[in-house]
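Note that the chains take the letters A, B, C and D in the order they are written out, and that residue 1 is the start of every chain.
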Amino acid sequence: MIIILKQNANPAKVEELKQNLIEQGFNLHLSEGTVASLIGVIGDTSHLHEDWLRALDVVDSVRRIREPYKKANRSMHPNDTIIDVCGRKIGGGNFQVIAGPCSIETKDQIIEVAEDVKKSGAHLLRGGAFKPRTSPYAFQGLHEQGLDLLLEAKKATGLPVVTEIMSAEHIHLFEDVDVIQVGARNMQNFELLKELGKVDKPILLKRGLANTLDELLMSAEYIMAGGNEKVILCERGIRTFETSTRNTLDISAIPMLKQRTHLPVIVDPSHAAGIRFMVEPLSLAAIAAGADGLMIEVHNNPEKALCDGAQSLTPQMFDDLMKKINQTAAFFQILN
Amino acid sequence: MIIILKQNANPAKVEELKQNLIEQGFNLHLSEGTVASLIGVIGDTSHLHEDWLRALDVVDSVRRIREPYKKANRSMHPNDTIIDVCGRKIGGGNFQVIAGPCSIETKDQIIEVAEDVKKSGAHLLRGGAFKPRTSPYAFQGLHEQGLDLLLEAKKATGLPVVTEIMSAEHIHLFEDVDVIQVGARNMQNFELLKELGKVDKPILLKRGLANTLDELLMSAEYIMAGGNEKVILCERGIRTFETSTRNTLDISAIPMLKQRTHLPVIVDPSHAAGIRFMVEPLSLAAIAAGADGLMIEVHNNPEKALCDGAQSLTPQMFDDLMKKINQTAAFFQILN
Amino acid sequence: MIIILKQNANPAKVEELKQNLIEQGFNLHLSEGTVASLIGVIGDTSHLHEDWLRALDVVDSVRRIREPYKKANRSMHPNDTIIDVCGRKIGGGNFQVIAGPCSIETKDQIIEVAEDVKKSGAHLLRGGAFKPRTSPYAFQGLHEQGLDLLLEAKKATGLPVVTEIMSAEHIHLFEDVDVIQVGARNMQNFELLKELGKVDKPILLKRGLANTLDELLMSAEYIMAGGNEKVILCERGIRTFETSTRNTLDISAIPMLKQRTHLPVIVDPSHAAGIRFMVEPLSLAAIAAGADGLMIEVHNNPEKALCDGAQSLTPQMFDDLMKKINQTAAFFQILN
Amino acid sequence: MIIILKQNANPAKVEELKQNLIEQGFNLHLSEGTVASLIGVIGDTSHLHEDWLRALDVVDSVRRIREPYKKANRSMHPNDTIIDVCGRKIGGGNFQVIAGPCSIETKDQIIEVAEDVKKSGAHLLRGGAFKPRTSPYAFQGLHEQGLDLLLEAKKATGLPVVTEIMSAEHIHLFEDVDVIQVGARNMQNFELLKELGKVDKPILLKRGLANTLDELLMSAEYIMAGGNEKVILCERGIRTFETSTRNTLDISAIPMLKQRTHLPVIVDPSHAAGIRFMVEPLSLAAIAAGADGLMIEVHNNPEKALCDGAQSLTPQMFDDLMKKINQTAAFFQILN
């Protein structure tokens, strides 16, 4: 960490700061320039907060050299983490497709979609029981009953299931769920993250709409610091000024995250685009950019879907797409 | 609501859609243009979801004419809502300043700051016991103990207290708190909002970093739909590409919100700027733009603050600022 | 176009508006709702400005149904435009790679790079003679002399050349250039666009850092309205809050533009990422998403490059990448 | 400037870099940490480009300590610059209001508005002759004829005039104009900026829609480096995800710019909001935040304005606003 001092900083106060840092066990490197003087702080600074330093009268600014996340950091853990979900491996060259409806609506619906996506080759089933909706008047999901139906679909098809949690209070309901999803709006629901750190289950952590990659990794760090290192990151589009798409898929996030962390990175093209016809090109682009998996919305009757119908594929469309996904994944496995 | 149909939309499917809408009790107005045909949907469409419509094969796009929030909507409730906090009124021409430290650290600290800000003329005391921090390694607040200390400061000074909640599980701990704050990162923690709808206490709802004003109002609607109409909105800066300030204070949010809603709107200049020297100009600008109050961070020793020291004012700075705030508020009361 | 009237709009003024529109040759469709009344304006509204309508006292808002661009609109021109650059076709299934240094520095440099990229299979040569630099103290390009060197490289290798123009005053210097590039910062330099509309040469139009896709198409429309329909669109990354990459490549722009326009769409992964290691994944993702071409920075000695060295590939890296690009382009040609 | 080296950087290459910097006349300060080594570069680094450094194999990243602008930098020029426009002073405590129509339409229109705004107390007249319009089919201004009409209005009222230039080719037409405006879309039209550096006239430089404050200052530096130090900066709203306002007025830009530069800073509330009713609150907020002036659109008949009618005030509204502006400016002059 580099501390840039103000011009004309009070020497006594600078001395005080230096003593304080030395007492905390850091080695210091001092450098006096014509326009600025610096203190290089040497040691593990992940517990040293910029906040405190920036508040000091003598400090102009503070710049970190190393990222403040440790467990999620590839430099601490060079090999790819591979996460095993009931035998399906994600990461480290293992590619998986998660598919299913935005929300679980009826037993017939979820089982039908589950059978369809399984036949097409999906490896995990998604379906929402707790739905974060912008409007209090929108369908909020079937809650416990929805989880029960999802587990019935799991039993019927053998597909492991992924579903979203919206509050730490509900963790006990997720005991038989295979992967717990944290939605974009809860990426910085730190109380929830802390509780998920105590769970022994893979967590699928979605990037928030306006969160940087470093913040996504800090949220992963929250879960990992609690003891649960099975975190799958998910890029699902960010908010920009562009209005023709629901969100802007940040495709660069894939190679950038893979450089910074060892955790698997998947992509949700359905939420990123918000429009059915864009799911295919974004899915193939995500594979080309190195994603470890995809999460795709499929509904047996999108025109009757209780949410996100506009971006849901029909089972037939998904079947066509899965053929292309499989060929594309195989192509890039050979290319690289 | 206007439904714009695709060119060459299947007439049988259009007919089906029209019947469906009529069965839901809407009146329809049809308009056929050279490039597009429209269906005008007449009636209360706040429960009619664009999602469902956009998923239909015959629909090109959907445009709302009226906002989907009702209880928060000024057109339903033309007079300003005035919220009373232990006798301090906010809104409808009543201006209040909330001040205090980012986080509660010790009994001495919170009582000292409370006494200082009271002396300078603040009307409510703020202080965080549960702190949302990007890093799991940062100070997370004193939790229950912090709430106890805050209540001691209330007792010592008579100032009503405002403090942040981070999880619905903690609501029972906030019984003696006067105003419950929902932070920017929890603006769309819908489970929390629903629970706060059942509470009989003012809620201070901060705008999320990347949320539109309509989304902020929909979040207020969540609380109000649950039965609690005492919501105070807070603009605290949004995330943009600009990096010289911590966030970009959206000053236009004040007049725009006041046009759309009857709820009080306050501003947090400390978090918006993130830098001490900007708190004063942003505070005065917020008053000039019509804000109903300010929330300002004050610390008895910012250089030792456990969080956000760089943006905290000293009690002396706050005292100087309060004089200017009072004069400015008085000036604009006369001007308008 | 739909005009939404204010509640309680003055009937005489509404009548006046209606007469005015009828006199302009439009047919009107009126619809009165419980909360709002509408006027549907039927006819070619591309010359009817929202500005004027929104200024009227009786108008609440105005919504276009059809895009205001015509010549660039796919609905007016369903087949892909194919642009021929000295026999190299771009668009309509024809994929091309443009490669070369950020700026032309010396005769040896540009000829060496040209020969290298030609050997690796690039189809066009890029190189900047006029460089838009944020700082007035940065290298601004060799200007006329740079264009001469570029033309020498063209002569030496037979590669058609692409280079950026920064002012309408310079058009006469670009007579022997094969494709004239308009940079992101000049996407809305309308005086320049108008002049380029009079030129009989392909124009490579880059999207501005904060411009929507509709604005990009309106800028293409400027050139096309002037008589030059040979416009190639280029996505090169937009500005967002993310700081780990130089810009955010908007991969969704490719399928969305291809739906809205018949013009070819290429991608510049070098400027989008700003970092060498990301050029490969972004290039392959762009192909997967349907791009008609790529523009890649290559320098014979990136460590000595006068600009953008950090994102430039060495000739060897480019040679490796071209092999992958060719295989990937061939794979997706078969897949689709 | 601090150069952060890669872990395991090749020592021979590091040595080469150090020699190169020393030959350029810099003093170096070396610091070896446990996770990274640094080179502190001491001297005037405004001509040293990060680009070149970041391209080097041994360099991880580069961080500037001081801004790369010099002439615009307050640290080089602590006193406020005061710009004199025909006797009207702007900056250094001198507050001015520029008012007039978006575009010059007829002789009667511009003279009538000029007389109106003069009567209300405006100090300078604005009016556009060259109009940057998103659509090629929109009114583009009266060009030379418009400038002539503006000069007639100047003659009739004695008000100095401000008008926008869109191309370096037109500079000769602006000889009798008092202040030349560079619009947001041309903030990085560097060829134009260079030519304006040779002019002996104040330049009103508007911030681009997605430009940082540092980029605005670098564009000012372009003009100043050319020899023209009379630059007035103008904040006019930036582009964000918020859609209820045309742009987001960045009110924090005022105090932040005033800290970084000695140049005057004015605000254009009309373009920032795009809606008439917001012009007043944003104007007063700008004064409160410390702006040196305002630029406000006024039209004698906004409903017939050829552009931007929705945000134009009537002369009567402007007259009312000017009373409040004058009182507010006087109030803050006393307060501070």
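Just so we're on the same page, contacts are C-beta pairs under 8 Å (C-beta built on N, C-alpha and C of every residue); 3 or more make two chains touch, one makes a residue touch a chain.
Just so it is clear, the model here is predicted, and its values are computed rather than measured.
Q: Farthest chain from chain B, going by the mean of C-alpha atoms per chain?
A: C
Q: Are the two sides of the chain A and chain B contact the same residues or different ones, given that same means over half of the numbers occur on both copies?
A: Looking at both copies, the contact residues mostly coincide.
Q: How many angstrom lie between the CA centroids of chain A and chain C, rounded to a whole number?
A: Roughly 32 Å separates the two chain centres.
Q: Quick check: how many Å separate the C-alpha centres of chain C and chain D?
A: For chain C versus chain D, the centre distance works out to 26 Å.
Q: Please report how many Å separate the Cα centroid of chain A from that of chain D, as a whole number.
A: Centre-to-centre distance between chain A and chain D: 39 Å.
Q: Residues touching two or more other chains, restricted to chain D: which are they?
A: Answer for chain D, listing residues that touch two or more other chains: 210, 239-241, 243.
Q: Can you tell me which positions in chain A touch chain C when the two form their complex?
A: For chain A paired with chain C, touching residues are 210, 212-214, 238, 240-245, 248-256, 259-260, 272-273, 277-278, 281-282, 284-290, 324, 327-328, 331-332, 335.
Q: Residue numbers of chain B touching chain C in their complex, please.
A: On the chain B side, the touching residues are 2, 4, 7, 29, 31-36, 38, 40, 42-43, 60, 63, 65-66, 210, 239-241, 243.
Q: Considering the complex alone, what residue numbers of chain D touch chain C?
A: 46-47, 49, 51-52, 54-57, 68-69, 130, 132-140, 166-169, 185-186, 188-194, 208-210, 215, 218, 221-222, 225-226, 239, 302-310, 312
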